[in-house]
Amino acid sequence: MIDGPGPAALPVRARAHLVDGWGLLTLPGVGFLALAFFVPLAGMMVRSVSDPSPANYLAVAETPVFLRSMLYTFEVALLVTLICLVLGYPWAYLMNQAAGRWRWVLAAMVVLPLWSSLLVRTYAWTVLLRDSGVVNQLLERIHLIGQPLPLMGNTLGVAIGMTQLMLPFMVLPIFAVLRQIDVDLLPAAESLGARPLAAFVRVLWPLSLPGVFAGCLLVFVVSLGFFITPALLGSGRSPMLSQLIVEQTNVLFHFGVGSALAVVLLIVTFAVIWLGTRFVPWTQALGYGESDRA
Amino acid sequence: MRRAPGGFGGFNEPAALTLERVTKAYGGLTAVDDVSLEVRAGEFVTLLGPSGSGKTTTLRIVAGLVRADAGRIVARGNDITNMPAYRRDIGIVFQNYALFPHMTAAQNIAFPLKVRGVTSTEIDARVQAVLHLVRLSGLGDRFPRQLSGGQQQRVALARAIVFRPWLLLMDEPLGALDKKLREAMQLEIARISREVGVTVLYVTHDQEEALAMSDRIAIFRHGRVEQVGTGEELYEQPASLFVGQFMGESTVLRGVLQTASGDCVVAGARWRIRVAPEACRRVGVRSGSRVAVVVRPERLRIGPAPGRSDPGGRFNCVSGTVLEQMYLGSVRKYVIDLGDGDQAIVRAQVGTEPPTAPVRGSVQISWDLSHGVVVADDREVEPAVHAQDARSAQTEATGAGRVVGAP
Amino acid sequence: MNRRLLVYGLVVPMAFFLVAPTIIVVIISFSSSSILFFPPPGYGLRWYDQFFHVSTWTDAAATSLKVATGSMLAATTLGTVTALGLVRGRYPARGLVNGLMLSPLIVPTVIVALGMYILYLRAHLVGTLLALMVAHSTLSLPYVVINVAAALRTMDPTMELAAQSLGAPPLRTFLMVTLPLILPSVVAGALFAFITSWDEVVVSLFLSTPFLQTLPVVIWTQVRSDVDPTVAAASSLVTGVSLLVLLGLFSARRRANVPG
């Protein structure tokens, strides 16, 4: 067997196909999405430049209402992100410190609201925050105020509503990263002489940054495109971009301009996502290094 | 061969399997390189080799789970190279058993019969029969997770033979078991396959396992078959240095072959040893080429060549220092340093040992030159280190000591 | 000590913040008054009675059920098949295709709604059950794909090889071996799809007409016109169904985590 026949010409099989039998199974799904999702998006983009013309984008860039709305949208998204971070980080921290059942309870409280319809939760906030709403009723009854506080129909209402909805998206990524951090690091730092606050700032915080970043990115991006909550809890006078789009199309029937605004929102969303993923590896940030999240 | 009267009753006529120049490459790596092999009906053939040598890939190609890039698989005269796996009627026992967790042991075993449309009464009968064969009667209603490793093994085996395949493939099935269980299962598998009379292709990296169970063994290395033969052929007449080192222990003496004036001699740095003329004419070795002489431990004797009773000069003799001596119950094993990193291994039956062979003592080793096998020297095969040189180990220690302590 | 402070200073108010609004709505739904007093002056089932007897509500509920069930079935079947192809198949541009399948999750719903609206307007499909089902299926598809693909990836691929070696052709292998093993995740995906459709507002808003509305759409209009607490009853029912489905999902997920 040492000196076998030399390498003769063997019948070599044809090159492996690009797509095999299993691969073909993706076709129905991809095809369906192409038709039901991408075609509508494309159609909208076409509409934005054809109804009546690409001048729509000029209108978008020049009309003060539109510009103000875009700025406001960014402001609100940023505000909500910050509030979620301030409230969500400690929650994630406690979840990480908690054992067994308490961890589940904390997680459930944050995740469960995700499962009641977002419209219902926003409606609930209107019930609480309106002038004749529960909060104002309570405050007046105990004579803390004489007149109802404007708790909705403004940025405050929007912020409150959106924060409640966005919290899970901040808490879960941070928790996922905290979970992976070696549990001995903080005690080690303290044994080396660091006071608790210093240990946190110098050890835990930097290590949890990927999760923080992922959470912030997630909350920010989703907040940009939000409609229901700003529409119900915000004001018509300072609309977010999504409200503007709905107004232009459903109320004023300016499909061209509405589409242009939608395209702008789409581009901005993708730009933010692209920028964000430049800085952080997503899979690590969302904790996919290990098995399930909480 | 081991064709059985079929205790299992009415078997498909077991037939031959032929692999013709099968090749498979993954990217730049050739996993199976021009492999040809013939397996006779009823034979138990083992594919043996280190990890990554291509034996498992070859097995999977035979199974139809992997498509070869080139070559043919011929079964019972039919070319099955392009036949899909589910039509090949070949039983496979996987390394991790691959038992269906959502089915009981009996349902697992019944699966191939169900798929073939066998009636349920006959299914029950055959499942019970095969459970009895693998000694798991009564455990049919357990789920895989309720069974021990050895029991899962046997369910996997039962499932693979219940539909009377003409060929049974086994991919390192005993790897996950502990030593005692493994040895017991080796006997079981050999017994069952003999009773059933099925042709078996077995993959393992454990040469003792291969020797214990097989009719013939094919040694794989880097995707090629180095040698095929019975255990005895491979052990006594290895065709290459790799085979010599892989199968059991050996003493390797490297040198240059010289065939001047009809004599065959291998010249090393510190010795010249003679080899039998037949050994000299082996394929691949020529005068002047670098060769290695392989001698098995039980063929070496400690002691000088029986000079006076060896007029024909049938014995070789080299000298060295004893490094280690081990009492192994039935044999005494010696590791001897021959200088230049070469080591000799000698196994002597207890009761026939030499009178004096103390550690660090000088000895001579001799052997009948017909027991030296000549193979081409292969620089890739590292000389096995059987024992540390006690003296050099000591020098290192004292040397270190001298550095630390003050002179 | 530090932790105690955090717990009481933060967790308790936040827990309240997260859960109280929905609970208050449920309480109000049982109020006997037609004004949104809290706490209610009295209790009764008046608003639930209203809900089940006003055609706007019952029609919307029926529509929601039909659309949710239909899109759940469509998305689950399509999603499972697609996941099989994505995980086990060979095809070009893997990363791109996988990303594309998840894109409905990334694009803001308003934009999706607008695009669909424009298209369906042209095809005269606005206000049809079909349009709603297709739209909701599109939104739910990624959830099914994610769930089923995850199950397929963690499943031992040797199972399928073993089944094939034992004589089962690809379809039988799938039905007898693969499907039973991934079933919990398929069910989870189906429940996700149901919930997504059941709670969906924005796209439904665009695609509804006064003659065909889903429950969330009716809630939306009623909320903005500030009518009676029937909205609260409707909201509570919607939430109730969501929670039931969530429980179902929980047990399906639990079963998926049992080692196969």
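By letter and in written order, the chains are A, B and C; residue numbering begins at 1 in each of them.
As a convention for this text, contacts are C-beta pairs under 8 Å (C-beta built on N, C-alpha and C of every residue); 3 or more make two chains touch, one makes a residue touch a chain.
Quick caveat, the model's predicted, so the values are computed rather than measured.
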Chain whose mean Cα position lies farthest from chain C: B
Highest-count interface - the chain pair sharing the most C-beta contacts: A-C
Distance between chain centroids, defined by C-alpha means - chain A, chain B (Å): 59
Whole-Å gap separating chain A and chain C, where each centre is the average of the chain's CA atoms: 18
Residue list for chain B, restricted to those that touch at least two other chains: none
Touching two or more other chains - residue numbers and ranges from chain C: 170
Touching two or more other chains - residues of chain A: none
Contact set on chain C toward chain A in their complex: 2-3, 6-7, 10-11, 14-15, 17-22, 24-25, 28, 35-38, 78-79, 81-82, 84-86, 88-92, 97, 100-101, 103-104, 106-112, 114-119, 122, 134-135, 137-138, 141, 145, 170, 195, 198-199, 201-202, 205-206, 216, 219-220, 223-224, 231-232, 235, 238-239, 242-243, 245-246, 257
Of all residues in chain B, those that touch chain C in their complex: 63-65, 84-92, 94, 96, 98, 100-102, 111-112, 115-116, 145, 159-160, 163
Of all residues in chain A, those that touch chain C in their complex: 16-30, 32-33, 36-37, 39-44, 47, 87, 90-91, 93-94, 97, 106, 109-110, 112-113, 115-121, 123-128, 132-134, 137-138, 164, 167, 196, 221, 224-228, 232, 242, 245-246, 249-250, 255, 258-259, 262, 265-266, 269-270, 273, 292
Chain B partner contacts - residues on chain C that touch it in the complex: 156, 158-159, 161-170, 172-173, 176-177, 180-181, 259-260
